[in-house]
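Each of the next two complexes has subunit A plus one other chain: subunit B in the first, subunit C in the second.
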Partner chain A sequence: MHKQRLAGWLFLTPAIAYVLFAFATPIVYNVAFSFEHDSLSTIGSIGAPWAGTFNYTAMFNDQIAQSAIVHTLLFTVGSLAGQFIIGLSLALLFSNRFPGRTIARSLVIVPWLVPLIVTGVIFRFMFQQEGGAVNQILVDIGIIHTPIDWLGSTSYALLTLTLANIWLGVPFFTLLLYSALQEVPAEVKEAAMIDGAGAWQRLRLVTIPIILPVIEITFILGFVFTVKVFDLVIGMTGGGPANATQLISTWSYTLGFQEFNFGEAAALNNVLLVAALVCAPLYLLLSRDQLSRSSGAGR
Partner chain B sequence: MATLAFEKVTKVFPNGVEAVREFDLFVDDGEFVVLVGPSGCGKTTALRMVAGLEELTSGTIKLGGQVVNDISARDRDVAMVFQNYALYPHLTVLDNIAFSLRVRGIPKQERHLKAREAAEVLGLGEVVLRKPPQLSGGQRQRVAMGRALVREPAVFLMDEPLSNLDANLRVQMRSEVLRVQRRLGVAALYVTHDQTEAMTMGDRVAVLRDGTLQQLATPQELYESPTNLFVASFIGSPPMNLYEAEISGPANELVLSLGPQRLALSADVGQRRPGLVASTAREIVVGIRPELLTVTVGGSADHGPTLEAQVELVELLGNESLVHFSTDARMVRNRAGVWTADATTHGEIAGAVATEGVARVDPRVPVAVGDRVSLAVDVSRLSFFDAETGDAIAGPSAATPATQPPPRGRAEEQGS
Partner chain C sequence: MSRRRKKIALRWLSTLVAFVAVGIMLFPIYAIIVASFESTVTLFSTQFHFFPYHPTLANYQTVLLGSQSGTVTSVTISGNQLAHVLTSFEIALATAVLTLVISVPAAYALAKYRMRFTVFFVGALLLAQIVPSIVLATSLFAILLKAGLVNTLPGVVLADCTYAVPFGILVLRAFLFSLPNEVMHSARVDGASEWQTFRLIVIPLARSAIITVAVFAFLAGWGDFIFALTTLNGASFEPITLGIYGFLGNYLANWGAVMAAGVVALVPAGVLLVIAQRYIATGLTAGAVKG
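Coming up: the complex of A and B.
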């Protein structure tokens, strides 16, 4: 018995060592920085002066940091909502047979193949006020009369950024939801049809509740991916105009590596850390729940 | 409540498979009709066409006299029990049963009241708040029927609903299914591959093979006068013994030759089957149900025509014994060893010498493996088939046309 436990720990040791080195160390550093007065001269060594909650107070009084938190929230919620609706629609579409389905299904993952920074640049071109493809099309089909300054106006830039990110996240939602839909037995949907349910009722009352565990997990993973988006913003807006698209990730980067205000940057970053700490246990709980649900349903 | 009618229904799948061909069937209000056949015979496809889950290639399906070909499944007002029950895994028993009421916008309280009532009828009162994964097979089966019970459907469809249950439960659930159908009082179509289920449950039974209706009759008629070799071999357990034979002699003294063995037929056999006389000197197939054979004890008494055989195996079942014997008559079967033996589609019938047969006998008669026995044959109840076409030779009743109004079944006698 004792030997077995020892063997178990031995097997776990490499994994634990890796996690400690690659994950725990940066987190500990980040937390430490947020309570210190760090400058370029002290950043390399241990033992900068203790700052207490100074960095947090500074961060919460920083207008740009405040708006970055709000932007991140709007960006994340908007992205996830858009990704879910489009992703589920595509997943439902691909669950039907139609000519060219296989090709269309593989094309969905194209956004993944493009480096994020390239995506950012492409979207910047597409959303240019003069000569951008989006304005050209919208004007041509008569939805708008004058070109919109998608990236240059403070009222549109965050929306444009969110649209780009939705496009990026759709493959993830589509693939996960599509595979979940394959698990819904055809007979159950037929039974609902015979019970008199229309297409919308079948979706709302049968299909979605059955794939709900996957939806929940997709949202949590999607949240974790979205809340830390960085390169897309750098490629498209660089946080501008007038900090209108400054997110937690980009603003803490600017604070840390351009203004060398390491303390406040770390404090702002810890907002993300807290969000991740909430999500991780939730994810574990839900995925375990889903496991027990699916094994319980086995006949 | 409505009648159900198939009229010349054909279904060809996109891959060219013809699942159902020119199928005619009429199911009256309150009648329980079983579609039976081996797997792949088109019975499930036929059922799904009634439900609106498959489109017809040609022909019409009528519910209550109205053509429903172009009416969608959700508007057809049928209830269906699926083979795997198809329960909603995320809903409680109560909500599963009440689902059809929910989509019709019936308030929660009212629909739960009705669902609870149905659950009580089915003995699910204790488990109404459980979800399907927490139920036993039999309970899931009952929930599936509860979904039908809570509605007032035009027809009640069942697709092998008992095949996932263990043997004991299956027997018990048969009567349960019939009870639900009586209560609904509607036309019921029940699909199964199990001929015992078909025989015990159906007011009438339709035997299908390769998408074609072989015979539609009451279970008794099906058993006693199968229209062809396929029905003869498919219905009955153990199956009918089928042997190659030849008829000879004048009309009132017909003699049946099974290989080297001779069976004298009594005069009435020929009289009741004029076709037999016409078949003299031609190859035919004779069918002997296992219970028509009796092991004779002692050689003195006159047992009538007998078949000489050697006992190969004795299965004691308590109330009866199944004596497997070998005889030098040539048994009929198709090449794959499956009991189909239809000469027209499977080429000529392959015969083999010294094949087996089964007799269902009184367990008190002492027989042991290796015994040479004389089996008395009740020649008045033999079945005869044309060896070439597989059709019954001038059976007492020609096949009942499917669209003809059916005899009133058991459901009516119950006075529901």
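Coming up: the complex of A and C.
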């Protein structure tokens, strides 16, 4: 039916226009910028001088960019490991029946609602060397004797940033893994129990294999979310001290918007984009239900 | 111990562990609220106070009324944040509205009309969710500059929708699959046009999913920092997230004001958590990607 075909396309038009404007064009631009000598005066127009691979060479010789790539890697791996372990533990905990379960479960998502820049500020405050809550608690309970310079020392700052990001991602991991655990049939767990499997064996051999698809998608989304962290760093450390917490995202921002070196910023952005898209095939594979689901013909 | 008593003990132990965990998750928010009522002198002391030490409203005075307690070197610091709150509200509301305008009809078309394009477009949306904001920010700045939309409200709203549009379409589409085709079919038999069917039948039935998407888009617009930072460099208005950043920018951070501004920025999230908790939980499990 022509009328319906037309209606379908009309309903889609704003979305297609938006995706072209806000995703397709920027990605093409970003590739173009990375091969140009761009400045603030040429960035808004076409026809900046061609730069060949200059920006890429510059980026790979830029020590801060190199360290930003390493930091992003460490930060991402550390964050995901922490978020998964804590998130799964909480999800398992919430799967038991206990008094106050519902309210505890709904409170866990609160951190997720805090604007990221505010989270950064809160953690900067809490991790202060003098008068910070974290040092005070650790000293009071006797774990450390002298306050640690969490954010001012180059050896601790990235770790501190990672801890804050773990805090930030735990609600997301908990909620997704919790809803997956609800789907595990009780009979399967009971059967394993009757066969004499201990709690750890049941988790490792029964529960985890069943919820594996959800674990995978949670990791992918968590990965995508972590490689692009920006606000948290700006709020907590601003990339310092001595670029010790400079990530790809923050260094790209500094290059582009503070040094107006848009070419190198674009080259670095492309590294980030490629890193983020590494998991795209797996993501699409896991989302194949959404992709292949046939549209209900509304005839 | 009997099996039953052991089970009860285990339950209360779970409660204890759960509330310790929740306590750790909520402590930072508690800390900022307490700190927002302390004087900057107290905040700079070497002692962290777990309970209000010398509670004062001075920080809120600075933030909401723009008092003199800020440093003179910065323009932002004297500017009162009430205007920033209003700007954030406008941005968040506009982001929610634009997201719905784009995503509701698109989700309907992708769920209920048979088109070859669907697979391709849904794939594109899934990939769009993966693209890091900073990658978009640099190029969107160039595009908005060309379009004359840098330092304008529409500019930042267009950029902010990048968080919510792919998410919104995918969540709404998944929901619309559950609507039986017969509902639309009978509307058409009664002589309704495609548009009438969409507006009078589909939208009311999809209300809960629409609210979920609206809440998420609102929070994305409210909490956005990176697009405000990159597209509003030199605008006459700025959202609360930039206001907070402005406070931080000073050599000596005005902690008290930063804390109070931070608490102000938490308010809508808190309100939405109370009135729309169900929708937030739904949205999170639907695979929300923020940032």
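Here is the rule we go by: the second predicted complex is superposed on the first by the 272 of 299 C-alpha atoms of A that agree within 3 Å, B and C clash if a C-alpha of one lies under 4 Å from a C-alpha of the other, contacts with A are read in each partner's own complex, and residues count from 1 in each chain.
In this text, a contact is a pair of C-beta atoms (placed from the backbone, for glycine too) under 8 Å apart; a residue touches a chain by one contact, two chains touch by 3 or more.
Note that the structure is a prediction, hence the values are computed from the model and not measured.
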| item | value |
| --- | --- |
| Partner chain in contact with A:Leu107 - subunit B first, subunit C second, else both or neither | second |
| Subunit B versus subunit C as contact partner of A:Val170, first or second or both or neither | second |
| Partner chain in contact with A:Ser252 - subunit B first, subunit C second, else both or neither | second |
| Subunit B versus subunit C as contact partner of A:Val118, first or second or both or neither | second |
| Per-residue contact with subunit A, leading partner among subunit C and subunit B | C |
| Contacts of A:Ala197 with subunit B and subunit C, given as first, second, both or neither | first |
| First (subunit B), second (subunit C), both or neither touched by A:Ala7 | second |
| Partner chain in contact with A:Ile144 - subunit B first, subunit C second, else both or neither | neither |
| Set of subunit A residues, in rising order, touched by both subunit B and subunit C | 293, 296-299 |
| Residues of subunit A touching subunit B in the complex | 185, 187-188, 190-198, 201, 205-206, 209-210, 212, 293, 296-299 |
| Subunit A-touching residues of subunit C, taken from the complex the two chains share | 10-12, 14-15, 17-19, 21-22, 25-29, 31-32, 35, 43-48, 50, 101-103, 105-106, 108-115, 117-119, 121-143, 145-146, 158-159, 161-162, 165-166, 169-170, 173-174, 177, 181, 184-185, 188, 194-195, 198, 219, 222-223, 225-226, 229-230, 233, 240-241, 244-245, 248, 255, 258-259, 262, 265-266, 269-270, 272-273, 277, 280-281, 284-285, 287-291 |
| Residues of subunit B defined as touching subunit A within the complex | 51-53, 72-80, 82-84, 86-91, 99-100, 102-104, 132-134, 147, 151, 164 |
| Of all residues in subunit A, those that touch subunit C in their complex | 3-5, 7-12, 14-16, 18-19, 21-23, 25-27, 29-30, 33, 43-45, 90, 93-94, 96-101, 104, 106-119, 121-123, 125-126, 130-133, 136, 167, 170-172, 175-176, 179, 217, 221, 224-225, 227-231, 234-235, 238, 248-249, 252-253, 256-257, 262, 265-266, 269-270, 272-273, 276-277, 279-280, 283-284, 287, 290-299 |
